[in-house]
Structure formats: structure tokens, C-alpha cells
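Pasting the structures here.
Each of the two complexes below includes chain A, the first together with chain B, the second together with chain C.
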Partner chain A sequence: MFKAKLKEAVICFGAGRVTLKYPFEPSPVPPKFRGKIEFDARKCIACGGCANVCPPRCIVIEDMGEVAKITFNLDRCIQCARCYEVCPEKAIWPTDEFETATPDKSDLKSEMIVWMSTCQRCGRCFETENAIDKFESKRWRGRGPGEANKHGIFPIKPPIDFTAQTSLVREPEEEKDQ
Partner chain B sequence: MISDLCKKMLGKSLWLFHTNCGACNGCDIEVIDVLTPYYDVERFGMKLVGSPRHADALVVTGSVSRQVAPALRRLYEATPDPKVVIAVGTCAVGGNIWFDTYNILGGADKVVPVTVYIPGCPPRPEAIIYGAAMALGLVPKKTEAQHEQHVPKGFDLDAYLEKWKDTPAITR
Partner chain C sequence: MSTETSHKKFLRGLTEQFPDILGKLQEHIPGQLIAVLPREELPKVTKYAVNRLGARFVITVATDQRDKTGDFGISYILAFDEEKQFLVLHSNLPADDPRIESVTPDVPAANWAEREAYDLVGIMPEGHPDPRRLVLPDDFPAGIHPLRKEYAYNVRFPSEPGNAPPRKAPPEGSTVVPIGPFYPTLEEPAYFRLFLDGERVVGSDYRGFYNHRAIEKLGDSELNYNQVPFVAQQICGICGQVHSCAYVEAVEKACEIEVPMRAKYIRTILLELERIHSHLLWVGLAGHIIAFDTVLMQVWRIREPVMWLMERVTGNRKHYSSNLVGGVRFDITEEAADDIRRVLDKVETEFKAVVDAVLIDTSLMARLKDVGILTEENARALGAVGPTARGSNVAIDCRVDHPYAAYDQLDVQKQVQDGCDCWARTLVRLYEVFESIRLVRKALEQMPGGPIMAKIDGPLPADRIGLCSVEAARGESHHYVRTGEDNRPYRWRLRAPTYPNLQAVGCMIEGVNLADVPICIGSYDPCFSCTERVETVDVNTNEIRVYTREELQELSRRKTLG
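Right, the complex of A and B next:
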């Protein structure tokens, strides 16, 4: 009995100190840890995929004509990172931040405003402003910064000149020459 | 301000009373985890007590259901002043995926005034320690709301949003 207790005591002394000194020293997170989400308004196209898959509906998109307002109610975010999985532009991603304790609940409500344009047919929003820049950044036939707009995406001589305001029915070329 | 108040009023040791208001047991496991020798929150003088009358702080886990709300209110009234309420987990902070169901009130702050919110599903044990240390005033607040906008130059956003103020929101 006494021997066994002595043995236990020796084992306990051998273990050393195991307690983390956490609040006074940083504690690294494991790989693939999903913490607080962050987002980039420059990349977002407001397609609504994240709002569609969010289980607690913490991402809400409001269409306001030329502007889409995206609200993140992080007080009910469960850090499942499904928004990150579904986002085509990777405009939203989980970070390593886990120290999200706060005395004020308004710290947990983030907001993003993206400028959109309205479709003349259906009246819904779509993103126009930097779509061509995106083609460029993905190296879709772009020849350098600013070039994709002129020659990159479209051929050098477009078959139909969309800018000229002529009738779509072409007249025979012979008549033109005369 | 709250941390200064807590520092002045509570002195050194924070005795916790842990109450489960309809949690899935995940946050409760993490709260127990914090008390193990590895994380050892007893360094700060915190320990679990068996009665709210002995406690300085209420640790609330779980989205508060309709059945348990009066009991939580009574627990809060039984705790002697000054007291701190720590909401642990996304359920207790905002109601999680049940925030709009009929039998869930959606957060502990609908019933009792909450001092520190610790979101996470479940929060890391370190996050709980961080929240508890913040209630004691040992560490500052780190997180902040993120407000971003991407509009062309010269677009008067405030005036535009003012125009849409009374229009019912179309969400998707």
C-alpha cells in the first residue's frame, strides 16, 4: 500500500509541469483551425452562395438597387466554413483568431457593402464594375494591365461593331463603295 | 469600463456556477476541460461551486429554451451582488441555428444581463480562459466588427442608403 503510494508520487514528480501559461503566452492553433471569419469587399460579387448554405443564417444579403448590403451576424456563426467552401471568388475565409470574447455584442455584427448594377430585364443585381479586371487577373488573354479592356477578351477586330449605332441588318458592301 | 468595475468590485477569486440551459453538452465539456490541470483556470482563483448563492459568476451555456428561462432568471436573482454572467458558446450568445425557432428565446441576454460573450461552437478552452480573464480585467478586448465597402469614387453611399431606409428589405 505504502509502496504503491510512493510509486505514484514518484510518477507524479516525474511528469513535470503540464499547465499552459495561456493568457500570458500565446497558444498556437492546430492546422486547419476554423476561427472567426473575415471577408474582402473587393473580391465579393454578392452571388449569395454563402447566404444560401449558412446553417444558422448568419449571413444575410439585402438587395438595394445599385447596392448589396451583406450583414454577418457573427453572434450566431458556428465557424463551419461552408461559406469559404462555396465562395467562387474566395472572398470569405476563416482565420486563426479565436479570442473573440467581448463585453459588447455589437462587436459581433460585421457589414459589407458592394456596389452592383441592376439588370434591365429582370431587375436584379449583378456585378459589373470590375469583371473585366477579374478576367485580367486570371490571365484570360490579357496582355498586361489595362490591355484586356481593349484587345484581350474580344478579338482585335470584332465581327460586329457594337459601339456604332447602325441597324443590325447589314447592307451589301458593293452599295457602300458606290 | 466593465472590466474596471469588475476589478474594483470582485477582488481576486471568481467562483463559478455552471448552468446548462439547453446546450448539446459540447460547451459543458469545454468548461470542464478548462478546469483540468492542463488549462487550469484555478490559477485565477476560479472554481466551480454547487450553489448559486456561493457564486460570483454564472456560466450560461446553451440556447435558452422557453422551459428553462424562468429557472435561469431565478438563478440570476439567487446569485449575490456583485455578479458576472458569462455566456459561453454561440447558443448562449445568439441562439445558434435555433435562433428563430418557437421554443428558443435565442441567447442568454434575452433573460439576464450578460457581462462577457464568448462565441464559438464550442469555443476553444483557451477562448473560455480568455473570456474569464477579460471579466477579471487581466487581458484587453481584441475583436472588433469589420465594416467594409466597395463603391466607385464619387458615389454618395450615405445618401443612397438613406433613400432605401423605409423600403422593406429584400433578403436572399
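Right, the complex of A and C next:
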């Protein structure tokens, strides 16, 4: 018992002070750190690769023909780094920034509008090395309006707005006894 | 079927009782047999395999396959650990009458799995002894099973109060003590109702799943193959690598993708490093639960360099984001390997000192020894996994029994104790830290060169089934993937290790003193989530009152606004 306590005391005294002075002193991140993303509209070709692989739907692309609008909802970002891994033009990259706390979510939202033209090099395309990243999964396998194809897949896309209240199932019940 | 499989012992036992089953067994992938049976036979085979042949019940998978075949599917997954074999018993149930005879009366480990199948897909387990609602919230509309394909992942159902499951009645003369809904020592939500006779626990009731995040629904309706690993790693704040690894290995098995050896080794190294920091976290928490905060402070100090190491090696201290279908995303360079070796040397020396002190600390033993007994028999019957099972002399470890990643080349030693109490579970974890350090060193030494990502040329084939069990720090984490069209799984089912272990808690805490309940619950390293309901007992009238969400909201608004 006393021997154990003695050993524990030695461990405690041997440790010394380990608390960091952060946030009063900066806490640098290692080189491979995946921080908040930055992007450059001049390099972007709006291929949609980043939006296609983004797991939390943090990057959303809207193709409007003449222009393409790319929205970054960084409050949803999980720092997986897939976007800059697939970007063919290196138009998106990580920074060291990790202090992204904010009282206002809209601080973390940014939009980029890219003027589209036909690419002189390749038409309009985007190739990934990995075949299963290439296919787009836009359709949602569910039952809703529209005709099912032969696999029973319905050609509708659910709304990106995650807060939208869709009542596919039943109307809210009317108050009874009145 | 391969000749190796056909010589296995369990198969002889199975064919003796059910001669017709042999013709129905399909083996697409070694180690994983699938039998499609009529629904009358499935429960019989399950009961026989578990109770007579020593199979371990893993999980059920209920699938809404009406868009493909017009019916529902249910699969019971069993594991024969000694023979390194999974057996999937599948049955198709008509869409207008999805019923199956419950196996829970004979196989208690199936209790939650069958209730979950009813809650989420609507497959009725007939004759279930406790068919209360398990997963769905208290105000979820009755008769809606959200994992059916007609509901989109983002439908918000109208609140329908009054669907809360009835609470278990306490035995005559006992006092009810609620622990939770916000579990005090782990800072995580769980709601136990303990029935006490004096200071002794005579029974308990559990309600959880308050923070069910519908991740499986996202996986088969919205995410594609390579997005799922990143959502999978968010399932747990500690064993993220475990879940993403189990998912990708299941897909790779199903689609027979040959993963480069180096990628397998990298997965193994990250998994073992994760086990080291998870066990260190647990040792600290266990100390904290029994108010021995020196252990908490010192062990977490030792753990922190591992987290920093992971940040340097992978780019994030917790979510490594390293797995994709077919391999891993980043290499472990020679520099990183040296870094890992350096940190592990330090952790080993420092943790050795702690273990030396802890092992002779009689005050610690007084709190842990002979407390929270889970007998070997109960551990097997309730399907306990991981250190909880190994502390009760059940020698199961997926790293050996169902090898994945590069574990078949590493010669893992199972750590087993026969004390069946909290102390035994502690010892298992303490020794596993050193075993993991040894495994990482060995893996770094043996790691071959070469590519880290397999070449995937075309779409992944549909309607294949892959199973993968990964040994997390808490136990076996099981993933089931049925591949689909459209570049995404048709059904992705996962079972975290706390799922079976939590079912064993009722058994573990029966007969212990109230003061020992927190460490008993803590001793299986639980991982549970959030609630919106509080039970209070009016001391004057002895009346139990349950606040609904609306009342609580009202109450907190009133308090805030003064």
C-alpha cells in the first residue's frame, strides 16, 4: 500500500509542469495538419470534383450554364481533405487555421462564382484516378414523385437544405373534438 | 464450397441436425457462409447453432429490399470464433406480413437486435419477451419504420407524444434510483433505472439511443462508397479508425478488391495506436470514476503524446481520415516511423511505471476486485465482446479469430483473465497496451514497400455481401455491407461493441452496492449518447414524475428568463 503510494508520488513529481500556455502562446500545428480550407476562384474550373467527393455536403456546386456557383458551408466541414486531394487544378488547399469558433455560423460560409467556357484542353471534363470516385451519386433511392426506373430508383434528388421539413408521410393531424 | 470449409466441425454438427442445409450454403468469400432459408427454419437453425454448436450471435440485419425482390430480408449473423467463420442465415419475408419467430427466449443476446429490426424496418419478432421500443425516440409516430426505403433520409416526422415505451416495473418493495439521463462520471448520456433493496441493486432498466443519428440511413440513401468511411469514422470519438476500417474491409471483401500489403500494414499500425490511446483513456477514466484522480491526470499526461503523434502522422489527432475503399490515402514515411518508435518508447517506460504502482495498490484493488461479476456463462450467453468478455475468461479477439488488415502476419497474443470482475477487465486492458506497442513495432519492422492504393477500374459489382469484424479497444465492431448500384451500398449495417456489452450490464450490476455501480458500468468502457427526458422523484409524496420535452423546454426558458 505505502509502496504503491510512494511509487505514485514519484511519478507525479517526476512529471513536472506539462500544461501548455495556449491560448496566451501560439500552438503551432504540424506540417501535415488539415486545417480550414482556402480556395482560389481564378484557378477553379468548376469541374465539381470536390462537391462530388465531399462527405458532409459542405461543398455544393450549382451549375447555371454561363456561371457555376460553388458554396462552401465550412460549418459542416469535417477536415477530411478529400476536396484538395481530387482537385485537378490545385484551386483548393488547406491552411494551418484551426481556431474557427464563431458565434455566427454565416462567418463560415463563402461562395465562389466561376465563369464557364469550353476548355481548350479537354472540352469539359474531370478525371479521377479512382474509378469509384468518378461516378456521381445524385439520385436518391427512395419512393417519391416520378417514375421509377428498372432498378426501382427514383429520379429525384432530396433537397440539400438539411433543416427543411418534408412531410412525405402524413399531414399534421387536425385538432380533434373541435 | 472450399474443401477447407467443408471439413469444419460446426458444419458437421449443423448437417447432422439439418441435412438439407448443405445444399443451400453459398460461399463467395472464404470465411463467410450464406444460407437462404424459409422463415420457419431460420430461428431453429439459429437456436441450434448458438446453444448446441457454440456459435456467437453477432447481429441481425433487416433490409427493405422491396424495390428489388418485393419483400423484406432478415439476416442473422453468427460467428464461430474458433473456426474463423461467419455464418449468415438469411430469410425473405413477404412485404405484407414481415414476421419471424423470435429467438430471444433461447438466445438472449438477440434481444436488442430483434427489437431494433422491428423499430427501424418493421420486422415483427413474434414471441419476443420484451418487445418494447428500443431505438426510436419517445415521441416518434407509431407504425413508421424509418429505415424503409420510402422515407428519405431527411424527412422530419411530426412529433407524436405518448409513444414512450413503458418502463419496467420495479420489484415489490424496492426503491428506484435513476442514474442519468446525463451519466454523471462519463459526461455522456445514458439512462439507467436501478431497483434497490437497501443499498443492493436487485434489478435495472435501461433506455438509450437518444442520440441515434441515422447513419445507416445516410449510408444506403445518400453517401457513395468513398464518402461512407468519413461518416463511419464519426460514429465514435475514440474508435473512428476502427469503424472506417471495418467498413472499407467489408466492401473490399464483398467486391474482392486486392488491397496492397503496405496499405494493410498502415491500417494495422493506426488501429493499434488507436487502441493504445483508447486504453490509456479508459485507465484514466476508471481512476476518475472511483475518485482516484492521480491515475486520471498521470495516465492522460502519458496519453497526450500519442495524440500529438497521430496529428503529425495523419494530420488530425483523432479523425485520421486514412481509409478509402481499396487502400489508404497517405503513407507512413521512414521519418514518421521513427517518430512513432520514439513516442512508443516513452509511453512504454512511463506507463510501465504506472502499471507497477497500480498493480500493488491495495486501495485500488479494494474497489475493483470481486465487484461487478460477469460470469463466463453469462458473458457467452449475452454475447459480450472485447475486454469485457476476455476478463470473464472468454478468449475471443477478432484480430486472431477473424483476421483483417495485416493481423494474420503479426501473431497477436490474446490477453485473457479469469477473474470475471472489474479488476480482471482492468488487467486485460493494462496488458493489451504493452501488446499493442509490441505489435506496432513489429508491423513497422515488417511493413513491405509498394503502392498503398489498389487500382479500381470499374463500378463495384452489386448485390455482394461483405462482413468484417474489427477488434476495437472496447470489443468487436461488426460491419455488414451489401453492395448496390449507383456507386453506393444497398445496405450498410454496423454494430458497435457497446451494443452487446451494454446488454450484459444488467447482469453485471445485479447484487452490487449502489456505490459500485458507476465503476461496473465504466468497466466495460461504454460509449453512449444523448437524451431529452428527466425523471424526478418527489420525496414527500414518493410520486414519480417524468418531464416531457415540452415541459423541460418550458422549465428551462422560465429559469433563463427569470
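Here, the second predicted complex is superposed on the first by the 102 of 178 C-alpha atoms of A that agree within 3 Å, B and C clash if a C-alpha of one lies under 4 Å from a C-alpha of the other, contacts with A are read in each partner's own complex, and residues count from 1 in each chain.
In this text, a residue touches a chain if its C-beta (ideal position, glycine included) is under 8 Å from a C-beta of that chain, and two chains touch if they have at least 3 such contacts.
Model, not experiment: these values are computed from the prediction.
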Which of chain B and chain C A:53 touches, first, second, both or neither: second
Touching partner for A:67 - first (chain B), second (chain C), both, neither: first
Partner chain in contact with A:79 - chain B first, chain C second, else both or neither: both
Partner chain(s) touched by A:18 [first = chain B, second = chain C, both, neither]: both
First (chain B), second (chain C), both or neither touched by A:44: first
Touching partner for A:7 - first (chain B), second (chain C), both, neither: second
Chain B and chain C footprints on chain A, overlapping residues: 18, 29, 55-56, 78-80
Complex interface listing, chain A residues touching chain C: 1, 3-5, 7-8, 10-12, 15, 18, 29-30, 32-34, 53-56, 78-82, 85, 130-133, 135-137, 139-144, 148, 151-153, 158-159, 162, 164-170, 172-173
Footprint of chain A on chain C - complex, ascending: 67-68, 141, 144, 149-158, 220-228, 230-231, 234, 294, 297-298, 301, 304, 311-316, 319, 321, 324-326, 329-330, 350, 353-354, 356-358, 360-364, 453, 456-460, 484-488
Chain B residues within the chain A interface of the complex: 2-3, 37-40, 43, 90, 93-97, 99-100, 107, 109, 115-121, 123-124, 126-127, 129-131, 133-134, 138-139, 141-152, 155, 157, 160-161, 164, 167, 169-172
Interfacial residue positions of chain A with respect to chain B in the complex: 18-20, 22-23, 27, 29, 36, 38-42, 44, 48, 51-52, 55-58, 60-67, 69, 72-80, 97-115, 129
